[in-house]
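Multiple structures are listed underneath, in C-alpha cells.
Two complexes, one shared chain (chain A), two partners (chain B, chain C).
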Partner chain A sequence: MSINFKQIEEKLKSEATKLLEEGKVGVVLAYGKGYDENHPLPFVARKASDVENIVFNEYCTANMARYIVRYPRGTKIAIAVKAADSRAVIQLIQEDKVKREDLVILGIPAYGMKNAKTGEVVDSKTTCGMYNPVIYDTLLGEEVHGQSVVSPYDVLAEYEAMDKEARWAFWKKELDKCIRCYACRKACPMCYCDPCFIDQNKPKWGEKSPESHGNLMYHLTRFHHLAGRCIDCGECSRACPVDIPLYLFHKKVAKDCEEMFGQAAGMSIEDKPALVNFRVEDSDKILE
Partner chain B sequence: MDFEPKILGIACNWCTYTGADLAGTTRLQYPQNLRVVRVMCSSRINPSFIFRAFQLGADGVLVGGCHPGDCHYNTGNLYARRRLAVTRKILEFAGIEPGRFRVEWISASEGNKFAEVVTEFTEQVRNLGPQTKFKIEQLPTPEKI
Partner chain C sequence: MSRIGVFVCHCGLNIAKTVRVSELAQFASTLPDVVVAKDYKFMCSTPGQEMIANDIKEHKLDRVIVTACSPLMHEQTFRKVLENAGLNKYLVTIVNIREQVSWVTHDIEEGTAKAKAVLNGAVYRARLLAPLTSRVIDVNPDVMVIGGGIAGIQAALELANTGKKVYLVEKNSTIGGHMAQFDKTFPTLDCSACILTPKMDAVLQHKNITMMTYSEISEVKGYVGNFDITVKQKARYVDHSKCNACLACTEKCPGKGVSEWDEGLVKRKAIYIPFPQAVPQKPVIDREACTYFIKGKCKLCQKVCEQKAIDFEQEDSFSTVKVGAVIVATGYDLMNTKPLVQYGYGKYPGVYSALEVERLFNSAGPTGGKVTMRDGKEPQAIAIMHCIGSRDKNNYEHCSRVCCMYSLKFAHLFKEKTSADVYQFYIDMRAAGKGYEEFYNRIIEEDVKFIRGKGARVAESVDEPGRLIVEAEDTITGKFIQLPVDMVVLSPAMIPRSDSKDIARLLNLSTDKYGFFMERHPKLAPLSTMSEGIFIAGVCQSPKDIPDTVAQANGAAAEALTIVVKDKMELEATTAMVNPASCCACQNCVRVCPYGAPFFNDQKGVSEINEALCKGCGLCASVCPTSAIIARHFTNDQVLAEIEGLMEF
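Right, the complex of A and B next:
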C-alpha cells in the first residue's frame, strides 16, 4: 500500500472549495505550486478561485500550523495537517493561541514524505514518526495502519552514549555553522514570540552576530523555550540552510520531558503544556 | 596556583537568602567563592540567566529556593522545579558537567544547611576545574552587556 497523493490533492481541493464557497472559513492553509514539482510552497487560499493552485505531493513537508498565529483571533481557518502538524495545532490550542471552534482541521494521513533538499524519506529519525493526524474534522484519505512503528527517540542512543567532551565538541562544531538566518524560528509552529528573546536589546540575552557564544545562547535558549512544546515535526532542521541537526536536541529535550512529566507535547487538547503545569507529587529526583 | 572557582548563587528572597543571612549572623564559616544574587522567588529565574552566567565566566551555578510547598507565592517553586530540571538536562546534553549546576531547597531557618551546601558545592566545582566550554574568551565590557 502506498499513499495516493493525487487523490488526497483532489479531496483537499474539493473540501477547500466547499468550505470557502459556503463561507465557513476565511482562509485555507494548504500547499501551493512552487517553482517546480519538488518545491511546493505554503499557500493560503482566500477565495474559491485560488483553490486550483493547491497541490499535495510527497514534498509537502512544511508545517502549516506555523501560519495560524498570523491571523487575528477569531478568523475562521481551515488547515491541512499531517500527523506532526496536527500535534502542533493541539499544542497551539492548549496555549490558547487559537480556539478549537475557529478551526476546520483537514487531516492527511501520510508517510513516505520526502525532504526536498536531500531527497531522503522523512521518517522517525528526524520527526515524530507518526502517520495519522491526532485530531481532525475531515480525514482526507484512509488511516495508515500496518506500518512499522519506530520510537522517534531511537536516534538519540548514539549521542547519549557519547562522553561529555565528545558531545560538546559535536555541538560546538554544529552550532558554529549557524549563520543566524533564523529560518528555524520562522519555520517553527511554536516560535511565535514577538519579539524573540534574541532580538531584545534590554536586556541583551546574547550576541546577535553569528559567532560561537551568540549561537550557543540562541540555540540553547530556544531548545529550552520549546521544552515540553516541541512536537517534533523536524521542520527546523529541514529549513536550516547549513544543516544543523537541531531535531536531535529537540528530541532529547522532548524525551526527557516525557520521562519526567509523563506527557508528550500536543497529544490531547485537555493537557496543559508541561512547563506551565506542575504536580505536587513531582519529586526532587528530576533535579539530580 | 590553586584554582578558586567563581560560583553564582541565585537565592530566593524569602528562604534561601534569609537562610544565608542566618548563616552570617550565626557566624558560620563558608567559602567566599559564592556571589549571591537575590530574586523574589525561584520561579523568577529565567533559564537564560544560567546559560549567561556560564558564558560570562561562572564555574558553577547554585540556585536556592524555599522547600516545595513553602514558597511565599505558594506554587512558584513547583514550576521552577520542572523548569530547572529541564535546564539541567539541556546543560548535560550540551556537554557541561551536570555537577556545575545545582538546585537546593533551603529554608530561612536552615543557616547551617546553607553553609554546608555552599562548602560542598564549592568543593565539587573546584574538583571539576575551570569551566571553559561556554566561557566567552573576550569578555564584553560591563556597559556593553
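Right, the complex of A and C next:
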C-alpha cells in the first residue's frame, strides 16, 4: 500500500469546502501552491472559493499547528494534520492555547514525505517517525499499518556515545553556524512566545548578533523552553538554512523527559505539560 | 547614583575567625556607590544599630548593606533601624557571611575571598533596589489544630479558652492519640486515662471547639492569616447527628476487625468505638471488616438501630474551613521492628513491642490488666531491650528520649504485677527530666537488673523449648551473655507518622531526613515553621515525653494566638506582578504556583496575579519564558546584577 496523495488532496478539498460552506469553521489551515510542485506553502482557506488552491503532496511537511495561535481565542479552525502535527495540536490544547471544541482536525496518515530542500525521505531520524495522527475528527485516508516502526531516539546512539567534551565541541561547532534568521522559531508550533526572550532588552538575555555566546544562549534556552513540549516534527531542522541538526538536541531532551516523567509530549489531551506539573511521584533525577 | 553604607559584623569570633573583617570593610569602601564602610563587633547590638542610624543621617545613605548572619536572624532588626531612620525598610540588604561563609569555611583566605564575592554581588544588586510598600491584610480569627493527641487536645483547649474558635482535625474516629493507650505515665505513675479523659471530655464540651474526627486535610490554600483548608470527612457509615450512642449495633455486629487501640492483640467488631472513653462516643464502620461491605449481605446493625443512624450509602465528604493559623500535632508511629529479624518480633510469640505491653498492663486491655503472654502463661523472666532502631546508624540515629523512662516504668509494673525477674538491656540510661533520676533510683532498689549493653539478638532456647535467649555484650564486665527469658519487650524507635510527608507537602513544611517537621530555628523558634502561620507541637517535631509535649502545645497555642489576636497584619511587599505586554499566555505561572496566586484573565488573554495570595517565592518568574513576571525585590535586573558581581571573582 502506498499513500495516494492525490486522493488525500481531493478529500481535503471536499472536507474544507463542506466546513466553510456550512460555516462550521472560519479558516482551514492546509497547504497551497508554491512556486513549483516541490515547494508547497502553508495555506489558509477562508472561503469556499479559496479551496481550489489547496494542494497536498509528499513535500507538504510544514506543521500547520504553527498557525493556530495566530487566530483570536474562540476562532473556529479546521486544520490538516499529519502524525507529528496532531501531537502539536494536542500539546497546544494541553497548554490551553486552543480549545478542543474550537478545532476540526483533519487527520492525514502518511509516510514517505520528502524534504523539499534535499529530496530525502523524512523519517524517524529527524521526526517522531509516526504514521497516523494521534487525534482527529475526520481521517482523510486509511490508517497506515505494516510500515516498520523505528524508535525516534535510535538516531541518538551516536551522539550519546560522545563524552562531555566531544558533545560540547559538537554543539559549539554546529551552533556557531547559526545566522540568527530565527527560521527555527518561526517554523516551530510550540514557539509562540511574543516577545521571545532573545528579543528582549531589559534584561538583555543574550547577544542578538550572530556570534558564539548569543547563539548558545538563544539555542540552549530554546531547547530548555521546549523540554517536554517538543513533539519532534523536525520542522526547525528543515527550516534551518545552515543545516544545524536541531532535531538531535530536541530528541535528546524529549527522551530524558520521557524517561523522567513517563510521558511524551502531545500524546494525550489529559496529560499536563511535564515541566510545570508537580506530581509527588515525579523523579528527582533532575536535581542530582 | 545611590549612596550605599556597608556594615561588616564580626559576630564576636563567629565571623571574624575565618573572615578578615576589617579587610572586607576596606574592600567594600572601594566598591561603586559605597560611601561608607565599617566593621563592628556586634552589629545587632544597640551601639551597632545606632552606628548604622547615625551613618544614614551623616552620609545621607539611601541603601544599607549589613554583612552578618542569616537574614532569618536579624533582617527584621535592621529593617527597623532603616525605618526609624526614615528610609524604606526594603532598602536594607543582609549578606549572610556567617552561615554561608565563615561557618562553612576553615581557611581564612578562602573565607575572606568568598565574603568579598558575595558582598560585591550584594552591592551590585543594592544599587538597583527599589522601595516597596508592605501590604496589610485581614486576619481570620480561627485556628485549626491537626492531630487530636495530647498535644492537639492541649493546644485546642488553650486556644478555645482564650475565646478563639478552634477546629480540631483527627484522622482516627476518636481523639486521645497514643496517650489513651498508655496505662501509667512516668515518673509519677499516675493513670494515663485518668489525666487524659477529662481533657478529652473538655474538648467535647467546649463551645469554641469544633471536633472533626475521622477526618484528614486534603488541600491547603491561602497564607498566614487566611488559610482555606479542605477537610475530608471519611465515610463513617453512621450518621452521628442521629446516633444516640446506645451501642446496640456494636453488640450485634458479626464482623471482626483488628483493634488498633489494643495494638492488634485482640479483635474488635466491624462497627465499633475504639475504647470505652472514646470521644466522640459514637461508632464508625470499618469497611475492611464489615460483612456487608465484604459479602454484600448483613446490615444487622441497621436492623437494631432505633435511630436509623446507619447509612451504608455514606461517602467521603469535603468541607472547607477558613482559619488564620494552623497548629500541626500529628504525633508519631513506632518503628516496625519486624524487619529487624535478629530480635524475632513477629516470629517468636514471646517478643512484644512497647505499646503492646502498655495494653497488657491496662485494665481495659486485652488481658484485663493481667500480665499474661500470648500463650496465657505468666512470664518468669523478662528482658526489656532499649534502643531498638534508635541510636542506630543503620536505622534511626536519633535518641527516642522516652524509652529509658517507660522501660523503667514497665520494670516497676512487671514487678508489681508478676514475680518475674526483670532485666534492662540498655546503652546509656537517660533520665534527664524532673523527677526522672529519682525514679531511676527507685527502680534500681526494686531489684530490677540492669545490663549495660545493647541486646544483639533474640533466639529460641535449645535447652528449654518455648523460652527465649537474649544475647548481648555486658560492656561493664566485657562478657558475652546469653540470658534465658520468657518475654522480651522491644523499645522501638519513635518515628514520624507514615503520612507526615503528605502533611508536609500540603502545608509546605520542611522535614528532616526521617520526616520529622523542621522548626524555624532549633533554639529560638522551635514551634514555628518556615511557613508563616503554621506551628508544630509534640512528637511530630522530634521525640519527646508528655510534659514536653504539653509545654510545646501551650507554646504553639500562644504562637498561633500572636497571629489571630490581631484583626490585621502586615505582609511582605515582595510579591510578583505581570507585565501584560510581555505575557505570552502560556499559563506556566498558573500551573506552578503552590499558592494559587496567578490566574488567567481570559478576556485580556494574559495572566494576572492576586497579590493577596502571593508569597513572593518567585517560582512563576522563573518559569515565565518571556520574563513577563517581575518578582519584586528579586527582579531579573537585580538578580543578574548580583550574579555579575559574584562572577567578577
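Structural remarks
We adopt the following convention: the second predicted complex is superposed on the first by the 285 of 288 C-alpha atoms of A that agree within 3 Å, B and C clash if a C-alpha of one lies under 4 Å from a C-alpha of the other, contacts with A are read in each partner's own complex, and residues count from 1 in each chain.
As a working rule, contacts are C-beta pairs under 8 Å (C-beta built on N, C-alpha and C of every residue); 3 or more make two chains touch, one makes a residue touch a chain.
Note that the structure is predicted; figures quoted are calculated from it, not measured.
Superimposing the complexes on chain A yields a three-chain arrangement in which chain B and chain C clash. Look at A:95: by the touch rule set out above, it reaches chain C but stays clear of chain B. Residue contacts after overlaying the shared chain place A:167 against chain B, while chain C stays out of touching range.
Look at A:40: by the touch rule set out above, it reaches neither chain B nor chain C.
In the superposition on chain A, A:257 makes contact with chain B only, while chain C stays out of contact range.
By the touch criterion defined above, A:234 lies against neither chain B nor chain C after alignment on the C-alpha atoms of chain A. Once the two complexes are overlaid on the shared chain, A:197 sits against chain B and chain C alike. In the superposition on chain A, no contact is made by A:26 with either chain B or chain C.
When the two complexes are overlaid on their common chain A, residue A:245 makes contact with neither chain B nor chain C. With both structures placed on the common chain, the touch criterion links A:280 to chain B and to chain C. Among the options 45-53, 99-107 or 279-287, the segment of chain C that ends up inside chain B in the superposed model is 99-107.
On chain A, the surface patch touched by chain B in one complex and by chain C in the other comprises residues 197, 205, 275-278, 280. For chain A in complex with chain B, the touching residues are 159, 164-172, 197, 204-206, 213, 216-217, 220-221, 223-224, 227-228, 249, 252-253, 256-257, 260-261, 274-278, 280, 282, 284, 286-287. By the touch criterion stated above, chain A contacts chain C in their complex at residues 73, 95-97, 192-197, 200, 202-203, 205, 225, 272-273, 275-278, 280.
The part of chain C that touches chain A in the complex is made up of residues 502, 505, 582, 584-588, 591-592, 600, 602, 605, 623, 625-627, 636-637, 640. On the side of chain B, the complex with chain A involves touching residues 47-48, 51-52, 55, 68-69, 75, 78-79, 81-90, 92-97, 103, 105, 133-134, 136, 145.
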